[in-house]
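The structure that follows is given in the form of structure tokens.
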Amino acid sequence: MDKGTAADIEMLEEALAGMVAPWVRALGLRVAEAHAGQVLLRLPVTPSLVHGGGVLCGQALMAAADTAMVLAVMTRLGGFKPMTTVQLQTSFLKPVPGSSAHAEVLARVLRMGKSLIFGEILMHTDTGDLAAHATTTYALL
Amino acid sequence: MDKGTAADIEMLEEALAGMVAPWVRALGLRVAEAHAGQVLLRLPVTPSLVHGGGVLCGQALMAAADTAMVLAVMTRLGGFKPMTTVQLQTSFLKPVPGSSAHAEVLARVLRMGKSLIFGEILMHTDTGDLAAHATTTYALL
Amino acid sequence: MDKGTAADIEMLEEALAGMVAPWVRALGLRVAEAHAGQVLLRLPVTPSLVHGGGVLCGQALMAAADTAMVLAVMTRLGGFKPMTTVQLQTSFLKPVPGSSAHAEVLARVLRMGKSLIFGEILMHTDTGDLAAHATTTYALL
Amino acid sequence: MDKGTAADIEMLEEALAGMVAPWVRALGLRVAEAHAGQVLLRLPVTPSLVHGGGVLCGQALMAAADTAMVLAVMTRLGGFKPMTTVQLQTSFLKPVPGSSAHAEVLARVLRMGKSLIFGEILMHTDTGDLAAHATTTYALL
């Protein structure tokens, strides 16, 4: 799959830089690919994200999932509109080793309703294991 | 309700300082109360946690919920044992205004099984509105 | 707690009889209590609901949870309005023995928004153990 | 994709007939395809499953999802072992019209751990629309 248009990726990088809370921006998420309804982010596994058990903290994965889905919705809206997360359910299948370079966070819009949007986020280790799986609902305001 | 024993609160504060990933520690969570199977954390609403829409970012609430539940489990185990979050489902009922002093994060163990632990987390604004509600499963390793 | 008004209970029993799919009606759910935003149903544990493992099947608990929440919403709306379940998350904490007389299904509205409604359902055995816990979102159409 | 071996399909049909609670059996679920870690069931949309709003009741979809996942796990275990549903989260994306012939229920094992199993269930209308999406965790006993 190609990476998507440079314009889309730039729009999403700007949204990351301008709209996301500074604490979430500190995750260092980067837009790797962007298509209509689908966005792939890369989450660098830095020491600040690793807990005492030596693996990437689940909180970072949930935060990345939520952020990725907002961007995936933007690719369908053609830009930002006010929206809110209604619910996010995350299952943690396999730890991401703290020694990983990054985790891959792939968000997909499953259904774009008039007011409700449904999506799914797959999070993989950089060796291709499925680490976490999230489903989510957003509401346009 | 009393705050719980100072020894319990100290043990949990130490776990926050020593085991939690630095990025999560940056949330500035404080243990306000601790009882067997129940922990109340306070999450300061600082500008770094507020997104472009002017409200506390949902990612901070999910991270606080997960952290609070680990501490609530510790009050039942009498200390830390290796465990992992199996799943966490969060519903976002009402935004926490960015001008709030803090959010209250109350985690309760609903069932302590031999290997699986079920819990619930209620997150309130400092004016007493229910902002978010999470349910979660942990596995002892 | 008192049982609530007979008029409310009658309205909800009629909704159960008239609107619910026949297959769900076969559960034999009865309205035990009804208050504004809260409904208690009783689910008889009959042999048709018990699976090969000798316990009440989880499918019956999920179906009862969803049904109970529709009725709890009706107590807030003062009657039926078209609505749809957006999502339902159920955790199964402890099996309900097949020899039980019934399970208790308590649905509570947590937040009544203009278009979205959030709720929680607690399911107990007839000996008072928490068997299942569900959270849910509904949308008014 | 081929339908899978007749032996697998027969084993799963027998499990449906012998282990599932009679009330769930009344759904009339049929095994359409079976592969290692993946099972496709067909849920006939009969009048008994349609509620007052004229669409397939969500309770039937949740029950089918849970049942399909048990069968998908069996294809990996090579038969039945005692297991329990830990949690099931279902999102309802689009109603299944009551006039449909059937809904398709595709369950996939996402991760087979030693004690915990993670899965996903996609439910489509017979015209190919995604109607519901579930994620679930099972525990081997």
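Labels for the chains are A, B, C and D, by order of writing; each one numbers its residues from 1.
Here is the rule we go by: a residue touches a chain if its C-beta (ideal position, glycine included) is under 8 Å from a C-beta of that chain, and two chains touch if they have at least 3 such contacts.
Note that the coordinates shown come from a computational prediction; the quantities given were computed from them, not determined experimentally.
Chemist: Would you indicate which option in A-B, A-C or B-C repeats the interface seen between B-D, with over half of the contact pairs matching by residue number?
Modeler: Interface equivalent to B-D, from the options A-B, A-C or B-C: A-C.
Chemist: So using the touch definition from the top, which pair is joined by more C-beta contacts, A-D or C-D?
Modeler: Higher contact count goes to C-D.
Chemist: Need the CA-centroid distance for the pair subunit A / subunit C, whole Å please.
Modeler: 35
Chemist: Just the number, please: Cα centre separation of subunit C and subunit D in whole Å.
Modeler: About 22 Å separates the centre of subunit C from that of subunit D.
Chemist: How many angstrom between the C-alpha centroids of subunit D and subunit A?
Modeler: Each chain reduced to its C-alpha mean, subunit A and subunit D end up 29 Å apart.
Chemist: Taking each residue of subunit D in turn, which ones touch at least two of the other chains?
Modeler: In subunit D, residues 86-87, 89, 91, 137 touch at least two other chains, as defined above.
Chemist: Per the contact definition, I'd like the list of subunit B residues that touch subunit A in the complex.
Modeler: Going through subunit B, the ones touching subunit A are 18-24, 26-27, 47-53, 57-60, 62-63, 66-67, 82, 84-92, 95.
Chemist: If you look only at subunit D, which of its residues touch subunit A in the complex?
Modeler: Counting only subunit D, the residues touching subunit A are 89, 91, 93-94, 110-111, 113, 118, 120, 130, 133, 135, 137.
Chemist: Under the touch definition given earlier, write down the residues of subunit A that touch subunit C in their complex.
Modeler: On the subunit A side, the touching residues are 86-87, 89, 115-116, 137, 139.
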